[in-house]
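Per-chain residue numbering starts at 1, and chain names A, B, C and D are given in the order in which the chains are listed.
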């Protein structure tokens, strides 16, 4: 959840607010080849962070969130910041193809890989919840947590009835997040149609066409995980 | 919790704020045959939604709430909106006999059927809580969750002592909510006197003469469910 | 938690703000023989209620709180009100020897009996928590919940070390609260030195010389109950 | 959590705001040999307390927090105050070598000993959480709670991968906190490199170079404890 570099009181050199306007919105460039994060993107990240912190889902500066800026860039939260209080200095524009600026979370490659998978991914959120962490470890060997018969499954895009089965993929955690992203994308490309996954012992990722969709998917998956954890306790 | 139509940034055509004053309060008509939701009704829905969201009972835009407007109409929250932040554009007046405007939750028929059951129903609330979801699945075959000996049973209208037995009905979930409403009303008409029910794997409904009564019933039932779930854990 | 009379939008006749100044503080009389609740008493009740509601300890208008006004009177919350939002119209001055005004909680006799036990009781609070409710039923036959080895035991007046044993009494619930108060006071007079008790299936009472002390005792006992409930789960 | 002296409405004599400016910041002296707590230190304590109270981690006035002021002094919260609302009168400057002013928590020696261990300790926080209390009792005989395979282990300074093992030490509780501090420091000096420890039946301590680091360590350890407690429930 923290990169080795820890909190960043000053924006790294890559992100000084210099450069020329570019792109359809004529926004100010932060990165030699990137437009500036606009106010809408920052607001979306700030609001989601405030919500996640109120739920206790981003303890110890954990978690990271991003929104797509255009076909080639996303705005991503920096490493080591208080995710409940995201300000303009706490995010950076990152090219989807890299390179990743200094001061970003080690998990930034997981976000970028999701955006590269297609224009249907407009926001990616990652949090650390108790149910996600515990079930991701309990079911790691099975490779997925399975939900069936919950109305809440309909919170996921494309699910129209509780009479469905949802398989939330679990991936082994790996500090080499570039290699991890490749394994994740290979499996997702192979047919998984759930807008989220678990990293074992780590937490929950979810995405959507918009930040609202990503948040709805995350809340829905977390509720399904919490109910499932409770059912496991009763069933033992 | 979401209808197939998802979030509704624009009010559907049925609800443009046009039409002539009508009825005792001379309110502005929204629907050809409906008075406008008045400020009191909207305030009640907004306040309940804020409370429910603070408790985490409306995750992923789940849940829906309504209040009776007059003998023939109710004001109901729309589908896909953030239930913690209900504004004037997030509710619609619905005739109790239908038709249901576009953009409403698939569960609107469950609300309308409750109002048609009698003038004693003045507000209906539905939320998704962990205890309600888990116990509704655990006890679905029994058809009810049974409470006895709790002082909190007195939160329910007509219960004067903890020395009573309360049976909260459970119904199988069904995406055909018109048929589901018929089954529910048939059973409730047959003598159930608890102001709430569970849908299996789905959540908790409660109602009352006023929104205050409906909320008290909902909070009381949720507390009874949470205590019962805890007792099941200890008793296993 | 609710008396039969339910919410009280209007103060009952006993409590019109009329009468003559009396007593050391020359406050305005509400009851023929009672001084008015002063601003300090109301503030204490409002602040405690806000705190209790934020913790979810007063669901469904449950719970009631009081503070001593003088040697012969206490200010007590009325029945059926939202305990998270206690205003001037939501409390009444009650003579410790009775009679109890209309609109008060059925549990008012439990409060009055505590004040009559001695001047060391300056505030009494009662809430409904999950741990208190579940453990009061689980241990009802034993007559007490026992705590040993917790540093939190020092939150209770007179306890100086974790190397003590605290026995929190449990009483069978009874809708005849006058008779119940007699049984409680008889047992407390017989030597119990813990500033609280449980009513089986009902909830937790605590008191202290001041509202701060009563709240500290309540919070400490609730923490001890929550830890004990968790240890029971692990030990089964 | 409370010293024998209880709440302190008046600052003790040691802390009257008199004396001459001294030290690099020319702050006002409170204690004959101590600079005044500056605004930054007070803000850090107030903000941490507000956060801890919002999480329910400082029930019944429990918990205490401190920040280093200079090489020889720390600012420490007083005993018996509401930790969610720490004001200027609720803290005192304490020399690391003593003596400890009146009105301080009995646990102040544990804070001072940590600061004396080295300049890398800039803030110390102590809270009472359910998971910390229960696991500190369950694992007291083992002398530590062990974490392995959690990404959250990276919240701790010096941990770069989830493929590590973290051992959080547990010490038997002792009302003689001077003797307790000696035992703790002896063990920590012997090689423990985790920025926190548990007191059995009592709670969690954590520290860091800054208050932000101490808070991150505390939140990370609490999350690891909560996940571990949940895994124990499932594994029984």
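Worth a mention:
Following the convention adopted for this analysis, a contact is a pair of C-beta atoms (placed from the backbone, for glycine too) under 8 Å apart; a residue touches a chain by one contact, two chains touch by 3 or more.
Keep in mind that what you see is a predicted model, and the values were worked out from it rather than measured.
Because subunit C and subunit D share one sequence, their contact can be compared position by position; here under half of the interface residue numbers appear on both sides.
In the Cα superposition of subunit B onto subunit C, the rotation angle, rounded to steps of 5, is 90 degrees.
Rounded to whole angstrom units, the spacing between the C-alpha centres of subunit A and subunit D is 33. Chain geometry summary: the mean Cα position of subunit A and that of subunit C are 46 Å apart. Residue numbers of subunit C whose C-beta contacts span two or more other chains: 233, 236. Contact topology of the protein chains: cyclic, one closed ring where each chain has exactly two touching partners. By the definition of touch given earlier, these chain pairs are in contact: A-B, A-D, B-C, C-D.
Against subunit B, the residues of subunit C that register as touching in their complex are 1-2, 4, 7, 56, 59-62, 128, 130, 133-134, 137-138, 173, 175, 199-203, 229, 232-233, 236. Residues 55, 149-152, 154-155, 160-163, 212, 216-217, 219-220, 222-223, 226-227, 230-231, 233-234, 236 of subunit C are the ones touching subunit D in the complex.
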